[in-house]
Amino acid sequence: MISIDNVTVGYGAAGFITAVDGVSFTIGSNEIIGIAGESGSGKSTLMRAVYGDFSTGLRIKSGTVTGRFTDAATGKTIEKPSSLFRDLWWDQISYIPQGSMSVLNPLMKIEKQVVDGLPRRERGGGRRELRARIAKFLAGFGLEENVLDAYPHQLSGGMRQRVLVAIAAFVNPRLILADEPTTALDVVVQKKILLMMVEIQRRLQNTLVLVSHDLGVHYQITDRLVIMYKGQIVEAGRTADIFANPQHDYTRNLIASLPRLHGQRAVDRVGAGA
Amino acid sequence: MRSFFTHAPFRLYLGLLLLAVCIVVGGILPWLAPGDPLVWYSAPRNQNPSGAYWLGTTSLGQDVFWLLTYALRNSIILGLIVAGLSTVIGVFLGLAAGYAGGWLDRVLSFFMDALLCIPTLPILILMAALFGGQLALPIVGLLLVVFNWPYPARQVRAVALTMREREFINVAWFSGESSSRILIRHIFPYIAGWSAANFINTVLVGISTESALAVIGLSSAQQATLGTMIYWAINYQALLGGKYVWIGSPVVAIVLLFIGLFLVSSGLSMQSAAKRMSV
Amino acid sequence: MHLLRFIAGRLVVYALVIVFALTVLFFVPRLGPTDPVEAMLAKVASQGAYMDPAQVDKLRQSLIDTFGLGGSLWEQYGAFVNRIVFSADFGPSLSMYPTPVMELIWNALPWTFGLLLSSTLIAWILGNFVGLLSGWRPNSNSSRVMEGIAICLYPIPYYILALVLSILFSYVWKIFPLTTTIRGAPWSWELVSSIVWNSFLPAMSIVIVVFGWWVISVKAQTSALKEEEFARYARLKGLSDGRILTAYILPNALLPQITFLALQIGLMFNGSLITEILFDYPGLGLLIYTAVLQGDFNLLMGTISLSVIAVATATMIIDLIYPLLDPRIRHR
C-alpha cells in the first residue's frame, strides 16, 4: 500500500536538520503496523512524511514515499508520492491525533466535527440519516447520542479520544495513521480504546499505522513492528518475533524496561544483589 | 525589510526615533524661543513660511514654529503627568485589590468597572461648560487621572491574582520574605514591562482627550496645546484663508507624536509578552 | 441555573454602575468653584439681554429646578434620579424655548446612532476580512504593508482624521460639502442620497481609524489561532483554506472581539462627538456643542446624562452578551 524507499526527511531549507535518515519499509494492506521509539527517534517525522503533511518546513531530502490506492467508486488504481496525498486525506487516508484539549474546534458541536471533511461517498442520505448513522457508529464506541450535541470541553479525555478515533474511522479509509492516540490516558481507558481500534481494523480490513513510544501498546495490538532509534530503523519484523527474540541492544533495553507481572522485578534484583 | 513592523525591536526603535524628535522639538527648543510665541503681534501677520518664520505666522501675528514648540511641550507635559499619576495609582490599587482580595478587591473592582463604563469626554464637556466655558489644564489633567487609572489597575489586578498562585511566589513566601518585599522584589518586576507599555498608552490617551476638548474650544486658552492651536487656527479662519501650514503643523505634530507613542507602546508590550512566555 | 445567577449578578453590577454614573452627574455641577446658576445668569446678562429683577428671579428658580439645587442634598438627589430615570424629562430647552430637551435629543439620536453603527459595522467587516487574510499569511508582503498602514492609522484620533479629511476633500479639493445640509422629502431617493453624501466624510473618519484597529488585532489573533492544534487537525482533514478560515479560525477570532468592542465603545462615542461638531453633523455631539455655546443648561444636562447612561448601558449589554455566545461558559 505504501512503500518507503531509502527516505531521508528533515526540517529547514538552508541548514537541513535530518530527523529520519535513509529508512526503507513497506506498509501492506490489512495489517496493524507499529512504529516505536523514544522521543526524538524520528517516528513522528516519519509518520508525517507518510501522511504527506509537509508543513512547518518538513521536506524529503532523498528517497521516496509512494502510495498505491484503489478508488472504491471507479476501481482505478491511484499511485502517487506522499507529497501529493492531500486529495486522499479524509478519503483514502485518515489520521488520529493525540486527543489534547485543543485538538477539536472548541466552538463546534461534535456532530459537525464528524461530518466536516467526510468524503461524498460517506455523506449519503439526508442530514437526519447521516446523523443516525453517526450515532450508531459512536454507540459502537460506547458513546451516547447526546455526545453529538456536545461541545469538546464537555467531554472527558477518554471520550474525546474515542471521538477522534470514531471521526477517523467513520471516513472508512484504507489507511489510518494514529499518532500517540492513547498516551495521555490512564491504562484502563487506554486498553479499551486500543481494543476498539483493533476491532475497527478487523472489520474494515484496512491498514492501521500506530505510532507510540510505549512498547506495551505495540505488544497488545500490532501485527508488525518497526523500531526506530536516532532516525534509523534498528529492527523490524513480526511483533511476536521481536518480543520473543529481540536482535538489537536498543530493542532489548526497551523490552527490559517494560513493567512485568511475571519474572524478577527490577527492585527485587537490586535487593538480591545487595 | 523582511522583519518590518512585526519584529518588536524595530517597531520600538522607529517609535523611539519619532518620540525623540517630538521631545527635542517640545522639550529643548522652547528654551531657545526668542520670546513668548503666544503674544499677539510679536511677529508680522499672515506670513508664509520663510527663512525668518519657518512655518509662517498666524493672522494674530504669532510665529507658528515657536508656537508649535510650546504647544508640543505643554501637551507632552500634560500627557506625562496624567500617565504618571494614573499608572502609579492604578498599579498600587490593582496590586492591593489582587493581592489582598476580599471586600477591598470587590470595592476596587467595582470602581474600576464603573469608571471604564463612563465616557470621559461628555463629563469633561459638562464641567467645562459649567465652570465658565473653559477648564484649566491642571483640572483637565486631574479628571483624566480619575478616568484612566482603572486601565492599569484592572490589568495589574489580574496579574497579581495569577501571581499569588505562582510557584516562585510560594517559594519566596515559605523562605520567609515579607509580603511587601515579595510585592516589590518579585511581582513588580513582572508587571513592569506591561506597565511601561500602558504608561505610554495613557500619555497618548491623555494628550488625545485634552486635544479633543481643546479643538472645540473648551480647554485652557491661557496655554498653547496642540489642540488649542488647532482651535485657534479654525477659529481665525486659517482654512478659508488657505493657510494650511498654520493648521497643518499641529495636525502633523499630533499624528507623528501618536504614531511614535503607539509604536513604542506596542513594541514594549510585544517584548514583555515574549519575556513573559519565557518565564 | 448557573447562567441565571450569572446574569442576575451582572444586572446588579449594572444597576450599581448606573447609580454611580448618576451620582457623578449629580455632583459635577456642585464641584465647581462657581455656582452654576449664578454663572449661567452672568452669562445671560453678559449677552446683553436686559431683564428686570422679577424675570431674573424666575429664571434663577427654573435653573435651580433644572440642577435640582432646591431642598436638602438627599431631596435634591432623589429629585434628580427621579427626573432622569423615571420620567426622562429634562425640561424645556432654554435656547430653543419651549421645545422639550427630550424632543431635541430624540431628533438627534438617530443621526449619531446611524453614524456610529454604520461606520463601526463597515470598519468591523473590512477589518476582519483584511485582518484574517493578513494573519493567514503573516509574512507575505501585502500582509506587512496592510499592517504598516493600520499601525499608522489606528493611533490617530477620529477628530484629527476628520479634520484632515475635511481639509483635503472639502477645502483643497471641493468634492464633499463643508457642512451638513440634508434635503429631500421624507423617504425619497433624494433624501437618502443626501444623507449618504453628507455622512460620507464623518463616517470615513471613524471607519478608517476603527478599521486600522481591527486589522491589527484580528491579524494578531489569526496568526495565533492558525498555530492552534484544531487548525492543524482541520488542515490534516483535507479541508480547504477557505473552510478552515471561515469555520475554524473566524468563529474563534470573533468571540473575544465582543470584549474588545465593550472596551472601545466609550472611546468611539467620545470620538464621534468631536467628529460631528467638526462636520456640523446633526447628531448628539452637535447638540451638546450647541448647548455649550448657547449656555443651554437644560439641554446640556439632558444630552450629557443621556449619553453617559447610553454608553454605560451599551458597554454592559455587550459585556453580558459575551458569555451567552461562548459555549465554554454557556454549558459548564
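Think of it as A, B and C in the order they're written, each chain with its own count starting at 1.
The rule we apply is simple: contacts are C-beta pairs under 8 Å (C-beta built on N, C-alpha and C of every residue); 3 or more make two chains touch, one makes a residue touch a chain.
Just so we're clear, the structure is a prediction, and the values are computed from it rather than from any experiment.
Shown here, the protein chains touch in a chain-like sequence that does not close on itself. Per-pair tallies of C-beta contacts place B-C first. Mean C-alpha positions place chain B and chain C at a centre distance of 21 Å.
Note: centroid distance chain A to chain B, computed from Cα atoms, is 56 Å. Residues of chain B in contact with at least two other chains: none. Note for the complex: chain A touches chain C at residues 51, 53, 55, 86-91, 94-95, 97, 100, 102-108, 116-117, 150-151, 153-154. Chain contact summary for the complex, chain C toward chain B: residues 13, 16-17, 20-21, 24-25, 28-29, 31-34, 36, 39, 138-139, 144, 147-148, 151-152, 154-157, 159-160, 163-164, 167, 171-172, 263, 266, 269-271, 273-274, 277-278, 288-289, 291-292, 295, 297, 300-301, 303-304, 307-308, 311-312, 315-316.
Put simply, chain B touches chain C in their complex at residues 2, 4-6, 110-111, 113-114, 116-123, 125-133, 204, 208-209, 211-212, 215-216, 218, 230, 239, 242, 244, 247-248, 251, 254-255, 258-259, 261-263, 266.
Across the interface of their complex, chain A is touched by residues 228-230, 232-239, 243, 247-248, 251-252, 255, 326-328, 331 of chain C.
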